[in-house]
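Next come two complexes built around chain A: one with chain B, the other with chain C.
This part shows the complex of A and B:
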């Protein structure tokens, strides 16, 4: 190991599912109690390990959804059509069941209450999860740091945390939200279904002149496109942090 | 690492995949996953592209794109393994061997730092870049390497986890002493051998 820093080993923890909360038709939040959990930063993720009775294991990474709070960890999982792990977490695991997790992982795509600059969040689909952890961490710290969320979803029914986002925005504490619906909009919505584009950004994002810290999370194609749009609109690429969820066909 | 007795996930059956014997531990062949990447994809014009090799004594050797492309290149067929747990078998690349680039360069250093357009860095032992184990790759699957995959050129060190294969490479600096690169400072393993499952600090 380099330098003199003492680098800790990431431990596995045996969590217990306390509660399962259906967020949308396909997304579920698992509330976990994790004895000895060291806490986490908003934006970090964990590895989840499942083990079958014959010893076969499967491990996947999931973003943490909640603000650090003692031994509590919340994961929001979107089920994938062929998702060996996600289908189990969304449909099968029940309160009282054990779940092995390792983490917290990742020290780059994080937001901490000490960061004082304005924040532009850009979420595509279940990419909202680590950004929600940032929104919740800011609220738990009682801060009013300007936060603007652009959230791209297929339809209004696909919004994860819809009620909580609406409540937090209405509290008037400096969080504002703009939705981009890509397949179907609510009745009377002014913008037809469309992806985030340059016009939407210039209308809905914090101005580049405010030099916001930008966090983009979503599928690879979404993140590529959103990051390029921000850069073209004059946002500082050094202040754009990305986290991508993508198909294995990519080459990293 | 594994609790005793192991924790069984009630009701979990799982899907064993064919061919998993060729995969390092904890890797799988297909499915969705979070990909490691820190920021936007940089745009690099070939006219502006340059690759710099800096020795431990500060001597710099640079190649323009045309100088670089005039070097002998080889075709590489290799498996690649990402720390986010996906593996891809039999990928085909074209690139210039680091042996070619390091030829005639006096180096007593033991370590190297790869540096990318956009500011990314990753560290490796110099020995891992020698003897036909590492390339600067500029084609993937018969096509010019796409920007989102690291084009115009990326480091390819396929015997280590893919974050060591720095995308958008612009230089390598040789170092007498090791120091951590970008992900290596942020919780990821200093070496990153997939066969020993060195994902994180202390693995």
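This part shows the complex of A and C:
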């Protein structure tokens, strides 16, 4: 006999785009107003659903970029060549438009103000988004928990939240940042363009001996290699959490 | 999807929550094939369509398969020995 259990469906909210902010040439932040949004933890994501008139739907996951603040949810999307959903969110959707989202979801890749241990953040490209939510949540709570961010980007122009990161680091509240440029560096930069490697890690990361909680986020390949480097350098694998920004989709 | 394009079990949090009504990504799961115990968030998702398959991060054995049809959801959990949820 087929079961008859009725599943409690996770609700979809109809958010409204309040503002679109171009972060880089290819990345845009959407500020959403989500009526009766329950709030979220830093590191969580939402699923976004686009529906065409003919019933076709596309679902993708996007990390929440902002610290919880009433009914406000910010997403930062990097456009992909031929990307169905990302191109729409970066180039087409406009203030006043509705957007269906479900969440917040994911209770594992999160950082909460009550966590007191030092934190090592490792971002590749748009993988900065959930880590930025952690940085903002920590700042909003007025905390000085040691936070170290390693941020790998192609060129200086590809840094998302560049001005805000610079401001927050200069405030001297325990957030420090090291960039790894993989294609082009600023003039006079000491390290030639290269990916994050063991030498960079030993120079720039919080020492393994401090036993930091590590959060790594970015494209699948980036996360794989960064996680392997941290493990080889003696960081506790149990304290390394990863979020791979690979292709998603899904059961709605 | 190619072998190197998997995402973390965490990425399936929305779909899993819509099926189970509680967040199981933070729960510990034991793989029935190799015995590894790890949070569901650490498993691997290689595909979302037509259904979701979560695989063991150590041995790649399927832990949980979920398929949805009109008015029906199928859950195949034979790859799991147990799921340990945090309950208040």
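As a working rule, the second predicted complex is superposed on the first by the 237 of 252 C-alpha atoms of A that agree within 3 Å, B and C clash if a C-alpha of one lies under 4 Å from a C-alpha of the other, contacts with A are read in each partner's own complex, and residues count from 1 in each chain.
Heads up, the rule we're going with is that a contact is a pair of C-beta atoms (placed from the backbone, for glycine too) under 8 Å apart; a residue touches a chain by one contact, two chains touch by 3 or more.
On a predicted model such as this, the values are computed, not experimentally measured, just so you know.
Enquirer: Of the partners chain B and chain C, which touch A:75 in the superposed model: first, second, both, neither?
Expert: Touch partners of A:75: none, neither chain B nor chain C.
Enquirer: Once the shared chain is lined up, is A:149 touching chain B (first), chain C (second), both, or neither of them?
Expert: Touch partners of A:149: none, neither chain B nor chain C.
Enquirer: So, A:132: does it touch chain B (first), chain C (second), both, or neither?
Expert: After superposition on chain A, A:132 lies in contact with neither partner.
Enquirer: Touch check for A:45: first (chain B), second (chain C), both, or neither?
Expert: Both: A:45 reaches chain B and chain C.
Enquirer: More residues of chain A in touch with chain C or with chain B?
Expert: Comparing chain B with chain C, the partner touching more chain A residues is B.
Enquirer: Using the touch definition from the top, say if A:61 reaches chain B (first), chain C (second), both or neither.
Expert: A:61: touches chain B and chain C.
Enquirer: Contact-wise, after the overlay, does A:27 reach chain B, chain C, both or neither (first, second, both, neither)?
Expert: After superposition on chain A, A:27 lies in contact with neither partner.
Enquirer: Based on the superposed arrangement, let me know which partner A:98 touches: chain B (first), chain C (second), both, or neither?
Expert: A:98 contacts chain B only, not chain C.
Enquirer: Touch test for A:106: chain B only (first), chain C only (second), both, or neither?
Expert: A:106 sits against chain B and chain C alike.
Enquirer: Would you please give the residues of chain A that touch chain B in one complex and also touch chain C in the other complex?
Expert: 2, 7-10, 45, 59, 61, 105-109, 220, 224, 241-248, 250-252
Enquirer: Can you list the residues on chain B that touch chain A in the complex?
Expert: Within the complex, chain B contacts chain A at residues 1-3, 6-16, 26, 28-42, 80, 82, 84-86, 88, 91, 118-119, 123, 140, 148-150, 162-163, 165, 167, 178-180, 182-187, 190, 200-203.
Enquirer: Under the definition above, what is the set of chain A residues touching chain C in their complex?
Expert: Of all residues in chain A, those touching chain C are 2, 7-10, 45-47, 59, 61, 102-103, 105-109, 220-221, 224, 241-252.
Enquirer: Which of the residues in chain C come into contact with chain A in the complex?
Expert: 1, 4-8, 10-15, 17-19, 21, 23, 25-26, 39-42, 48-49, 51-52, 66, 68, 72-73
Enquirer: Which residues of chain A touch chain B in their complex?
Expert: Interface residues on chain A, with respect to chain B: 1-3, 7-10, 12, 14, 45, 50-53, 55-61, 63, 80, 82-84, 88, 92-94, 97-100, 105-109, 220, 223-224, 227-228, 230-231, 237-238, 240-248, 250-252.
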